[in-house]
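Before I ask anything, let me first share the structure, which is written out below as structure tokens.
By letter and in written order, the chains are A, B, C and D; residue numbering begins at 1 in each of them.
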């Protein structure tokens, strides 16, 4: 079940970058949810290539089609099959990759694992696979929003060495603030510098990475399962399952290792009639279970592996060779990864909500 | 299956800190593996409290008993039931916690989730649960070592703000180097400073966190499943499922976000007759699949939540109160977490090895 | 994962009887398997309506399309997405069912479970869902045939009270013998009587059930997992997951309960250089694990619930009403169920083969 | 996960017939359930050997011990570890089986699968493994009884060729009626004949099989998942996972194949204010989902494989030999299988209840 995510609300994705289509099957969706293709399209449009002048110019309409599971505008509780046809395929652009392994791509490892590979645009390892995740995530998100006003917001805090100032991170940014700039950083001055940097490296045929922060508010206490399926464990898995990710941290994260317990602990108090913590270094969970505070985590993305420079590599016959990146690509994938991070977050949270409810809310003694 | 880890080689842990015992059931172990309690005991002894003067003085023999699955010194392919009796229980020491939520512990979240909790020593949320993981990991480790000389080595690179110098990280440390100091840092001067720091904070009733690096060598290319069950995704989940962890990074990690593609990419070459990368910023995987290079990842641990200081909190009735940490505890849990990190790594790797073999090595066309 | 079958070789089906399409996603397929749409089409054609004058006249081309997972004629190890468009839809024929519960159909139970339902042709509960199973099963079957000459053969032994004579069951029938008659009974005289009976009940607007026997030869000893996932347990589940099934038995089956141990036991002997049993009342497994003998099991199908007679029922408002069956349907579904039984059998066997190989053949000690 | 049953409420069993203990880990139990060892002991006592003069004289106290998951008399929502020590072990009685394969036992297939086996009393393949199932089932049963008055009642309808008269099957028998006789057949005259037959075959060193019917009342409509995890599919799997079972049928079962649709369909009516069926040939489900009627299914058991007669067999070296059954055993296992059938039924039903609630009752739109 390597291509399936989740235990109760599950998504199975399929499809290659330059095959006929990509898609997903969503199983376990609650019935009677009002759902239209537009609910999904809005998120696909955020992920779509060609949205601004700093991302890949590949033209994809990315129109989602429902093949099952929705009847007269509502989910029926049966599997929802979602398909997005691939349109702007130029497989010939990838002919060179048939025999050469692109550095820091999955070409070599797929070959080693399977003994063959669809080399066109990375095949299954392409970020195009995330179309299915975003589509499924849009459904999960709608359930969470309708159920309890859960809001999920991801945004860029860093591109290359340009980072948002710490004090700008105090507030939960609005969707409008995030979407206001092409880099999806809610701090306009930082965003401007990020865009400038991306354009500069692109002009050199190079690429850069960055960091996405994701926050969730409106989540009840109690989600997450001890001991292996802690909420942060499943979030970490979700994030590290995304292409180009190299790290994950929750709350205080790596910096938390440099604090003392007396500085790090989140004291409890009663606020607004419920148990709250005064600070949130924990990042919204304790013992792997949500505590009702804001969920706060960050994911690090490496620079895009495809660069328009000459690189040393090896061919499938084991001979040294060179390769110059071709094909359309993003000099920085991180802005387009924002809706993907949100989608994966929604998938994790809805699945845990259902698991929690099943065990702890079905029967009361 | 919240208490089960893995898909083919699985471990299910059970037990509370101050209940009669803790243990694990291992399912899917290859048959005919020579296995004695000593194979497991050696790892439990590394994890055991009371090993040095910088860890908790709780006295636990932690003797493992096999109840099933091993016959005449070999595994039979049936479930291996492992039990470790709890010995040095002092539940009365935890009476205060029956009604008060310890800051940054799981007391509040368990209560919110389940409506009740075993308050004695944190119950199920105690790090004592990891006894079962270490026991199961010892079995996985033996399979991996016998199968192909896979070596897994974790060690401390940081305690509080004291970190190993970068150049000391070049070599794969030996087990002897790691075990030479009480903090399990293979760089003696750094280790000495770490120990000094831990003693200093302990004398103030405080605690500190740290970072563990784990490396694996001898791993073949091809382990890891696209797209959700990438090797690093499952490692990230494994690490974030450990108590007190706040972050995970692979290879270049968060620092990788500050590099350009031209700096980050790992060029391929043929070396020693096989495809190798010249550098290893990827950390041993590409596209979620092992590439035959060293696996390198780091996990951040927060400072121990239990401190011997007065802290503000709330009781179960919702009234403000104070709490002073009691009970025996580690001022820094990170040294004892080293064998646990290795155990979880072994569990992930063996499970992926079996999954890979099942799909790609059972039939050849 | 209610719509997913299998653990290592998995199929997820989706689609409703009168939605735009039905399909399946197959995950875990071994790579490099030569695979064309024709490999699948041949099995879909056996299942397809309109093959003879004793089955439903619904016209469905049932052309399968690959959307992923196959590259240049070979499987790539990534998910195979299979789609079959629904063609001859006449949803208006089902208007009456919007408000009335058809007796012994799933209309009422879907309404009770989900609070709504796609009433057109039974929606998800339609046997049209099995298109995806047959498509996936064709892939599993090809792997098993190539891997070791495993042959799976299902056929009708009974329609209504007309059964094959016991002595006709001695030999493993050929595919040609099974396909020679419209009822897929390899005993021509019995087949002729079955066809006559089906035509007779159809002329009365009625329906009949029957029994399918399935045999497998060429299977190695060792497949099946103690204790819950016994081979016969998973076969029983597979069979009872098919629409209209009421029973399953292996080997001696229910009749075995009337024998003494001394009559029932299968004595071992060495034959053709390997351990064999003299008789096969066990039906090919012992302790849930294949013993290398022929696998023999039977599945009972009830008469088709749709009949062209007036029946008492209740409408969704809870009022008593009547209903006369409409729509195109089979007076006896059993002949068309033969390729479906074979498909499910192939899915179970391949999954168990992979599981067995993973645990017992990956490492040897 | 071959030794784990269920998806949300799961049981993992472990242990061999003549190892130190057998047991189970139950995960996913709702918290706050009042639970004492006595709740479990009562069911273990029904399964225990030595209850009457027609079962094995092996003496086992079968005292269950809780090692985790219960605190101050209530479940905590964490895994419940249950252990039963093996007492009356006489492994030497099995020395002959070290080298010889007992006919119709699992000796040969375990050897073929794993390359070794614990030969003592069948090791893992022994029915002693069901101790863990009965213990876990007792917990599931308590949840179901408290939650909604669900009653599960199994009983013998047939031993060898002695069957209850059809009209005696009309009523749901009471527990007292079932437990009144040593064979657990609620029809006293039939029970007397069954006992007589069992004693007769035992005196000849032989054995007999039988059939158990299981009924459930109080179940709501809506349990069961289309399409693979139908309620009857999971019940069939549960039953065929029990040692010595050869068949399963629901409602009309195999006899249903001999009816016409007009005879078999269950007409709907409104009775007592809810939708009911007039007849129950369906056996309590339609489309794999419970319809609120009584669940009715039957399981066939073959005669005990161990007989006290000389049998031809083969030894592990592949030479023809003979074997005379030794060891203590039941001439008819079926009476002791009654609580096991009930336990497995409870496990299936509770798991499906939780799955249904998770998807369909957590959110309402």
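Convention: contacts are C-beta pairs under 8 Å (C-beta built on N, C-alpha and C of every residue); 3 or more make two chains touch, one makes a residue touch a chain.
The structure displayed is predicted, hence computed values, not measured ones.
For chain pairs A-D and A-B, the one joined by more C-beta pairs in contact is A-B.
Put simply, the chain farthest from subunit B by mean CA position is C. Between the Cα centres of subunit A and subunit D there is a gap of 46 Å.
Chain centres here are Cα means. That of subunit B falls 39 Å from that of subunit D.
Centroids of subunit A and subunit B (each the mean of its C-alpha atoms) stand 26 Å apart.
Among the residues of subunit D, those in touch with two or more other chains are 1-4, 7, 13, 28, 31-32, 74, 77-78, 113-115, 124, 226, 355, 360. Within the complex, the subunit D residues that touch subunit B are 1-4, 7, 10, 12-16, 19-23, 25, 27-28, 31-32, 65-69, 71, 74, 76-81, 83, 113-118, 123-124. On the subunit B side of its complex with subunit A, the touching residues are 1-5, 7, 13, 101, 103-106, 108-110, 112-115, 124-125, 129, 158, 160-161, 201, 206-211, 221-222, 224-230, 232-241, 243, 245-254, 256-270, 275, 277-278, 281-283, 285-292, 300-307, 309, 311-314, 318-320, 355-356, 360. Only residues 7-8, 28-34, 74, 77-78, 143, 146-147, 226, 353-355, 357-365 of subunit B touch subunit C when the two sit together in their complex.
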